[in-house]
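Heads up: the structure comes next, in structure tokens.
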Amino acid sequence: MRLAVAGIGNNISALVQGIGFYRQRDSSEQLPGVTHPILGGLRVTDIDVVAAFDVSEAKVGQPLSEAIFAAPNNYPELGTLRLTEDPEVVPGIADPDDKQQIASVTKLLRELEVEVLLYSLPTGLPEVARAYGRAAITAGVAVVNCTPDPIAGLTELRDEALSQGVPLVGDDLQSHLGSSVVHGSLLALLEERGLTLSGSYQVNMGGNADFANLRTHGANKEASKHRALRQKINHTDRVTVIPSAGFVTHLNDRKVAHMSIEARGWADMPVRLDVTLQVQDSSNAAGVIIDLVRIAAIARRRGETGFPVAATSLLKSPTLMEDPLRQSVNAREFLASLASENAGTAEKSEPTD
Amino acid sequence: MRLAVAGIGNNISALVQGIGFYRQRDSSEQLPGVTHPILGGLRVTDIDVVAAFDVSEAKVGQPLSEAIFAAPNNYPELGTLRLTEDPEVVPGIADPDDKQQIASVTKLLRELEVEVLLYSLPTGLPEVARAYGRAAITAGVAVVNCTPDPIAGLTELRDEALSQGVPLVGDDLQSHLGSSVVHGSLLALLEERGLTLSGSYQVNMGGNADFANLRTHGANKEASKHRALRQKINHTDRVTVIPSAGFVTHLNDRKVAHMSIEARGWADMPVRLDVTLQVQDSSNAAGVIIDLVRIAAIARRRGETGFPVAATSLLKSPTLMEDPLRQSVNAREFLASLASENAGTAEKSEPTD
Amino acid sequence: MRLAVAGIGNNISALVQGIGFYRQRDSSEQLPGVTHPILGGLRVTDIDVVAAFDVSEAKVGQPLSEAIFAAPNNYPELGTLRLTEDPEVVPGIADPDDKQQIASVTKLLRELEVEVLLYSLPTGLPEVARAYGRAAITAGVAVVNCTPDPIAGLTELRDEALSQGVPLVGDDLQSHLGSSVVHGSLLALLEERGLTLSGSYQVNMGGNADFANLRTHGANKEASKHRALRQKINHTDRVTVIPSAGFVTHLNDRKVAHMSIEARGWADMPVRLDVTLQVQDSSNAAGVIIDLVRIAAIARRRGETGFPVAATSLLKSPTLMEDPLRQSVNAREFLASLASENAGTAEKSEPTD
Amino acid sequence: MRLAVAGIGNNISALVQGIGFYRQRDSSEQLPGVTHPILGGLRVTDIDVVAAFDVSEAKVGQPLSEAIFAAPNNYPELGTLRLTEDPEVVPGIADPDDKQQIASVTKLLRELEVEVLLYSLPTGLPEVARAYGRAAITAGVAVVNCTPDPIAGLTELRDEALSQGVPLVGDDLQSHLGSSVVHGSLLALLEERGLTLSGSYQVNMGGNADFANLRTHGANKEASKHRALRQKINHTDRVTVIPSAGFVTHLNDRKVAHMSIEARGWADMPVRLDVTLQVQDSSNAAGVIIDLVRIAAIARRRGETGFPVAATSLLKSPTLMEDPLRQSVNAREFLASLASENAGTAEKSEPTD
């Protein structure tokens, strides 16, 4: 499967090093940390990065195999790179109003017969996100958007994608196992068991570029995390979420979340749950990206347009249809059905532009 | 509702002090820590303990209001006792082969028009449990069994109960929020998200009579806890459960559980969850007992016999019917329906013996 | 001992409720949480608040017994108030340039024969701190300064105090058991044992006025916390200190600190220490204030001027003499000697104005 | 330096793999996790294992480089072995009454010009410990004893060693950073700050042979851990120590300790410290062994007999002299002085038998 990536950060480092890690293993072995070894006939190891866009001086002009280790990237070097191609990082879209930059992305996507474009730039560049979305749609290439800057959520792009027959998968990645899902699940458990929440907090720390950004963009993230909790529990007013307490250098790409839940049980007696979650932040993203890019590729190969329902539970802001409850049930079934197809059944088709 | 209790331990102390605590409050207030303020028309504060059995010298002959504070009981004194009656603790069944002891329990239950007998002796006395079960059934009194020593699980008693028209509610209480449910939920979440479990442990500590017993009876408890986990996850072989690491005096009736979960995510990167749960052990039991005794009373008043399906999710070893999945769905509906009835609608009927 | 207090916040609430708590107890009992039951002959319960200054509308005009519970104060109400006097809170110094305000404080201190003035306003008002210091010195009253805004550290005030024969005790309180001392002790232990520090963080959360202020004044606090660590360990560059991750409402006056220490042992194998400290923030202050005000009173009664050496280890920025090491040794000896005097030996003298 | 090892467990695996790890590094680099890069002129990398004794079928007859990975050993394979010699493991002392076995150990120690014998068998074999001690003394070889089974503590062996001019270093290793020292330090800090201890526990878990043994020998360990605490604090009766809560397979050679400290501060307000310590158990031992074997070698080369005072703080049961306090001060000075000698100054002498 031919993948292009825009934004060569830790997520891309985790993605390509992880694919290499699994290529080292015997195909009959279990793949640790992989939710779906096969999706729609595509193996984890079937993904090839064939094009890479960035604007940083440290990365443009470098081969992908080196750019993924350029600062401020700090995902660990696993020594597991097994690239089939090692494309040079080319200049992407720096100025979203420059039509030539957009056209040149479109051109490259076409020439290289890219099937899916993965958008993975730092959060906070909505115009750039839209420009990449448009470039991909014009090229007839499916889009996966990891970030909260909307692509699939823009009516204008959605219409274009439909008329071009291109699937849009977004927006904003769910983590493989993040603090929102752990915190939300425990709060929901408490509510279900009938205990009375007194108060709760969640505080996150990390040392990668995301956490540096959060010091300035924290308010949006806090709102988005509260939204995520509100889907699970009632009393979010008793919950304080601190998306980033600060930048902790030595953690590098690791993320730590401390969560505390205080409640009242029978006869007003206290109940406490104290939780610490530690993850490799970008592995936590790449473990979900690997599913999204395959879902996008399969949808495109099968000529499906619009939002592929199977991606619903893998996104924080999926494109919602009329009946969200039914969508969520369908999503599980579609995902399970894709996961049960044999390897190698993924029919490869030409780009449909 | 007229309740008899057998075994005046911490659970009974928590139960009666808690009822008193809620009696202090204005009826319009929310009740902290109460899952169902009303069940089948019965309020939490509608429960009266009218008979109490024990065999300990420190408790027999004492009024209930004093016996609940006799050693080794160590649930805190909340200063909230508001008993409507304060029965003297009478000798219960010390020798399960002594028919006279059983008959005298039956006699008292009848005389005092008891509706439900709550069996709450220390674990490890199966013959005594059976004897109390028989005494109650003969008196036409419903039984709630908090312990793993079987009552509802004995075919012989079940048959007698059916022919006498008496509901049997058991066996073995689920905690309001216990380490099994927290640990199991997090392990299940990990499995659902597709991470690979490396290993996990759960270690429990406490300072009440249960923990003193566990030092000798730990193996049974470990098996029961593993059974509980197996309902939720697949790889229980990678999970070590230590029901009691030892008796920690200063914790008294509090219980602490440390849980650690180590897993592998994308590219074999580590994921860790470290959890500490702190509860008041007997409040954790009483918060569920209050529902079970009301379910038992309602079933008896309405002339229902056998196992009341609504109790299914509140027990570790509920009586299972042909279709457990359907039973579990029905249980939720029945419980919700009981919870939605207004206070005061519980029709009081005469014992049906 | 006749004490005046400036700034009726949580610290004062903790102080006076705590004194009341210990008054309830039999004098022969141990006093939980009290480092020195007696200092220089003064018992914990010998302290009387006879004057109280504030500028908040909610507090001025109220008796002390009510002002300590006015918002934003949120130290718990212990129900242990046993005041011998209940002074009305009077207007203190709002404008440090207003000489009349200063003079009126001096006047009241004299009239009420105050021995010690405790300065406890919110941090960040250095001019107000100086004004209170001057008012007290003029009245011949000893000063204890809880805050980092300098009083004892000002050469100008120090000279005036010397010439007036008034002791100055400050600046900035050590906590009874705070995150700096716990974190620093563990890092020092690691260093002493020869492990190599990889990185460490400390993150603090709370819900009182201090934490609300810290969101804006965090940088100073971070610097002060790093200074405290530097006294204990070498590699502070590998340590990230976050004085306030944010304001967590439900914690009220409680404070939580999460600390994590990662190091390398033999063969580069990892060593981890994860620590959570939970305290009642203002009890943590009052437990030290009670010693400082007695040290100040004793020094004044004995006609000692300048900085009482015994206070050295109880302050973050004590007044340092020529030989700090010797001072620190002397401080311990003086403190131990004061603690060994019998109750009632404290000679009471008239104010020395 | 020529070292013989008796008992090829995880500690020896950690020791020789660690030495190899440091041999890989440039000599000018810092050595992570090493307390004393040089002691008495000996570098960490100057130690060579030239003889190895064991009785297990899986180990005898194997080269050391393989025996260290034989079950039940489970210290990780670091891939850092850089042995200068790779001695075959030979049968050691299985029957302490068999004089021929002892004589054959003595003979080999002499032939191979061994300077120090490291005794590291599983705890609980005091007769075997004594036999190895005697074999070494007869050969004029210094002894380091890692275990609580006494060697240096036996008057009889001490006398023989003195007359033979052989240093005895023991008994029982302090960990590099263990739960006793962390727990004790925090409890002492609390005491020093004047808080009142309510209660505390320490619970340890691991997955190596030591933890399997502890299930049966736990009582001795608990006593020894309490002894260690008693040196630091007064109220050990309020502290519960659980040396092994159980064997947790997936931890392998890692060890986890959970510690909880509950205290009362001013006005009886609660203070909590919750600590988790995670270490690689055998690295924690090897990091101290590397100092002890060098101290033993230096003492022997310099013709010093008896107990080398510098080892005092590295042992749980050091040989105590008339004035323990002075010994402890001297120990620090001697250790610091040894650490300040240059590499290569260690004068090599012939065995002094």
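As written, the chain order gives the labels A, B, C and D, with residue 1 at the start of each chain.
Just so we're on the same page, contacts are C-beta pairs under 8 Å (C-beta built on N, C-alpha and C of every residue); 3 or more make two chains touch, one makes a residue touch a chain.
Everything quoted here is computed from the prediction, not taken from an experiment.
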item	value
Subunit B-subunit D separation of Cα centroids, rounded to whole Å	49
Averaged-CA centre spacing for the pair subunit B and subunit A, given as whole angstrom	44
For subunit B, residues that touch 2 or more chains besides their own	274, 276
Topology of the chain contact graph, where touching chains are joined (line, ring, star, complete, other)	ring
Chains grouped in pairs wherever the two touch, ordered by label	A-B, A-C, B-D, C-D
Residue ranges of subunit B touching subunit D (in the complex, touch as defined)	198-201, 203, 205, 238, 240, 242, 245-251, 256, 258, 260, 262, 274, 276
Touch list for subunit D against partner subunit C, complex	14, 17-18, 21, 30, 32-36, 78, 80, 176-177, 181-182, 185-186, 189-190, 193-196, 263-280, 283-284, 286-287, 290
